[in-house]
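Next up: the structures, one after another.
You will see chain A twice below: alongside chain B first, and alongside chain C after that.
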Partner chain A sequence: MKNILTIAKNTFRETIRDRILYGILGFAILFLLSTVFFGSISLGEDTKVIKDLGLAGIYIFSLIIAVFLGSQLIHKELEKRTIYIILSKPVSTAQFILGKYLGLLSSLVINIAFMAIIYLAVVKFVGNQIDYLALWAFLLNILELSVFVALTILFSSFTAPLAGTIYAILILYIGHSLELLRKAAEKSGDLVKYLVEALYYLFPNLEKFNIRNFIVYGTPPTVAQIIYPALYSVLLTLILLWLANLCLKKRDL
Partner chain B sequence: MKKIYLSICFLLLFGSLIYVQAEYDKNQKKVPNPEPFVPTAAVIKAADLGLHNAAADIAWLAAIQYFGGGQSRTFEKLDDYLFLAADLDEKFAYPYAFGVLVLPGVKSTDEGIEIAKLGIERNIPDYRIPYYLATTYHVEKEDKKNAALYFDLAAKTPGAPAGIKKVAANYGARPDLRSQTRDIWQGIYDTTKDDLVKEKALNYIDHFDILTALENIAKAYKDRVGNYPADVDELVNKGILKEAPNDPFGFQYKFNQENGRAEIK
Partner chain C sequence: MIKISNLTKEYGDVKVVDSLSLEVKKGNIFGFLGPNGAGKTTTIKMIVGLAQRSSGEISINGKELESLGSREKIGYMPEDPYFYEQLTAVELLQYMAELFKNRDKITKLAHIEEILELVGLKDVAKKKVGAFSKGMKQRLGLAQAIINNPDYLFLDEPLDGLDPIGRLEFKDIFLKLKKRGKTIFFNSHVLSDVEEICDEIGIINNGILVYAGPVKPFCQNEPLEKRFVEIINEQISKSASQQISKEEA
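Take a look at the complex of A and B:
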């Protein structure tokens, strides 16, 4: 456990010092503030537009940060050969992977919290209300990011950063389109239906982490809307990290 | 010295850049804008990572820019934008209400009615949708049966203001169609927060007030002279009016010699 926490702490420090992070965060803040302008030209729908675009912005920017920081996480260690030093000590690859994962995720949580504070301040300023419900949306955003970070770590354990980023983004898109795909397949023949059904369970289904569309209209999430995505996120993250560990072990280190 | 030359060169380059941009903008104004391509909601939903509400807002903002920005003369894509916003975020009430009130003005009355009915079908709890639909039936279709039906629905919608309930209750009770229509627009003016809709409602209210005022003057004129004036110019020429009233829709008026009603020339 100590080893994991040490690696996590170092990864957290490393990611938080990355200059790319501040560039992206700068744009995120600019975007969140600009939602006030978009709200003002929406013919009286200010609060709705600010909430929609604000929550969407936090999600997109947190993904961008995860992509930039996560895709190089393992690759950098391999390229600089620092991984050999770490693994030559009594540290297993599983501890290394888990430490990297926790370090990056905690860095992302801090970033989301920072963006969330700005979002809440903007909503309070324009709509004169504290959007408590948005906290649920942020929680599920973090749970989805947990899966996404595990995914980028998995890809960065066996492929180049660019290829890993592309694979992760593709899976993200598929993960959000599975419901649509399933609906479309309902009208098709049995073979297609079974094939789509298999894909539906095989690929990460990420649409369950999206409750933004309810939150904006003031509908609080049900217990099931929080519990199942949380369980799904934990299980899927464990599977992905386990696979990443296997991939890293198979490499000639 | 070198620094001064470099600074001058930089300023010249920057000035040229501004000049090229200004020339480009001037040239762009001469090029007619093509009608935009509006994708379907299914296409957007497949690509927006589940951010349907944000995508709906962007479609909504695009609709406002398209309508208010003067990019088009025909506004043939306005209904597409509004349907797109409504289909991406079905609970987003305003595209339905705005659509039924504005689309008749761009010769798309049926599309306006369609979008409002879609909103009512989807159980959107916003009184503006049935109220504006009733207004469109009353003004554009002269369909009192449907107008009464939707005024009643608007009045029963939770959160409907008292003024709206009053208009709904009085609908059909007034013998004078004009004062009835004026009341409907007054209801819209009093309740909307949207400047565009407020302006439209105010234009109608002013228009009806001008008609009523002109008829009162024409009646007084007849009492004095013995006949109704032919038109507003006659009232101006005889010094009764300082100038012709400025109708918000740019209409000019004449008077019916039988009953003194003001009519559009």
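Take a look at the complex of A and C:
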């Protein structure tokens, strides 16, 4: 456990010192502040528009950070051979993968927290109340990112960063379209129905983590809307990290 | 004692290391020599657990080198070492030290400064590794390998990229470590240095060990470089004649 935390601490330090991160964060802050302007031109729906854009913005910017940092995470270690000095110490590949995962996820949590503070301040400034419900959306955002980070780690353990990024984004896109696809397939023939059904169970259903619309309309999420995605996230993350460990173990360094 | 028995590494049909067996006595400096692509780095990587062996056994003091625990007492320096460029030398060594069981003792700043002084990096302790020259990275590579006070050191081309003064300092460090009872196993192309500091050598060519033993009897009053070239050429012609007789049969 100590080794996992040591690797996580170093990964966190490494990602937090990455200049790319600050560039993306800069754009995120500008975007969150600009929602005030978009709200002001929306004819009385300003708080709703700010919430809508703000929550979506935090989600997208946190994904961009995860893509940039996550897709290179293991690959950079392999390419620059820094992994040699770690795995020749009493460290297993599983400890290495878990440490990398926790380090990147904690860095993302800090970034989401930073963006969330700006979002809450903007909503308070315009709507005169703190949007406590948004905290649930941030929590589910983190749970989805947990799956996404594990996915990027899996891809970066056996493929190049660009290919890994493309695969991860494709899975993300499919993962958010599964419900729509399933509904559309209901009117199609049996073959299409079975194919879509297979896709539905094969790919992670990431729409489970999206409660942003409820939050925008001020509806508190149910316990099931939080518990099930949390369990789903933990299970998927563990499976993906286990696969990443298998890939790395099989690899000759 | 390091004991390697019938160590083999295959990539498909190609044997990169072929039934290599050798022993290195405790407290000795062992030079592992061979032309480029002979299998030296692969052998070291298999010993420290970075590459999986196809077959064979490696043990240190009679214990199989399989478990993570066995790595507590070994140190490894890769060829052309790379590091986390955002970290300073002290931060990197602290990070490495934290990965060992005796972390409480070896993460202390005094211990890290002592190691940095030994390898000649004390003045740049707080400088980011990204700004280090190749020679400085070599020194840091050695520092991270000895951070846990290992009994057995495996160094892959440690003298590469060092100027003559740096090489001299490294050789001094090796001899100091030997005096402290450490066993050093290293690859090198710099044969004059090997001749100077090694108790024993192993010579590998095309994955096959062609000599293992003391340096002086091998040299027979001739420079190591000359004898090295002779033995490699002998092995090449032996392999060629074996190939011809195989084809004729």
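In this text, the second predicted complex is superposed on the first by the 253 of 253 C-alpha atoms of A that agree within 3 Å, B and C clash if a C-alpha of one lies under 4 Å from a C-alpha of the other, contacts with A are read in each partner's own complex, and residues count from 1 in each chain.
One rule holds for everything that comes next: a contact is a pair of C-beta atoms (placed from the backbone, for glycine too) under 8 Å apart; a residue touches a chain by one contact, two chains touch by 3 or more.
Because the structure is predicted, anything quoted here is derived from the model rather than measured.
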item: First, second, both or neither for A:Ile86, with chain B first and chain C second; value: second
item: Which superposed partner A:Glu207 touches (first chain B, second chain C, both, neither); value: first
item: Touching partner for A:Leu162 - first (chain B), second (chain C), both, neither; value: neither
item: Which superposed partner A:Asn3 touches (first chain B, second chain C, both, neither); value: second
item: Partner chain in contact with A:Arg13 - chain B first, chain C second, else both or neither; value: second
item: Residue ranges of chain A touching chain B (in the complex, touch as defined); value: 38, 41-45, 48-49, 52-53, 55-56, 59-60, 172-173, 176-177, 180, 206-207, 210, 212-213, 216-217
item: Residues of chain B touching chain A in the complex; value: 45-47, 49-54, 56-57, 60-61, 64-65, 89, 91-92, 94, 98, 192-197
item: Residues of chain C that touch chain A when the two form their complex; value: 45, 48-52, 68-69, 71-72, 74, 76, 78, 80-84, 86-87, 91, 95-96, 98-101, 103, 141, 144, 148
item: Of chain A, residues touching chain C in the complex; value: 2-3, 6, 10, 13-14, 17-18, 80-82, 84-92, 252-253
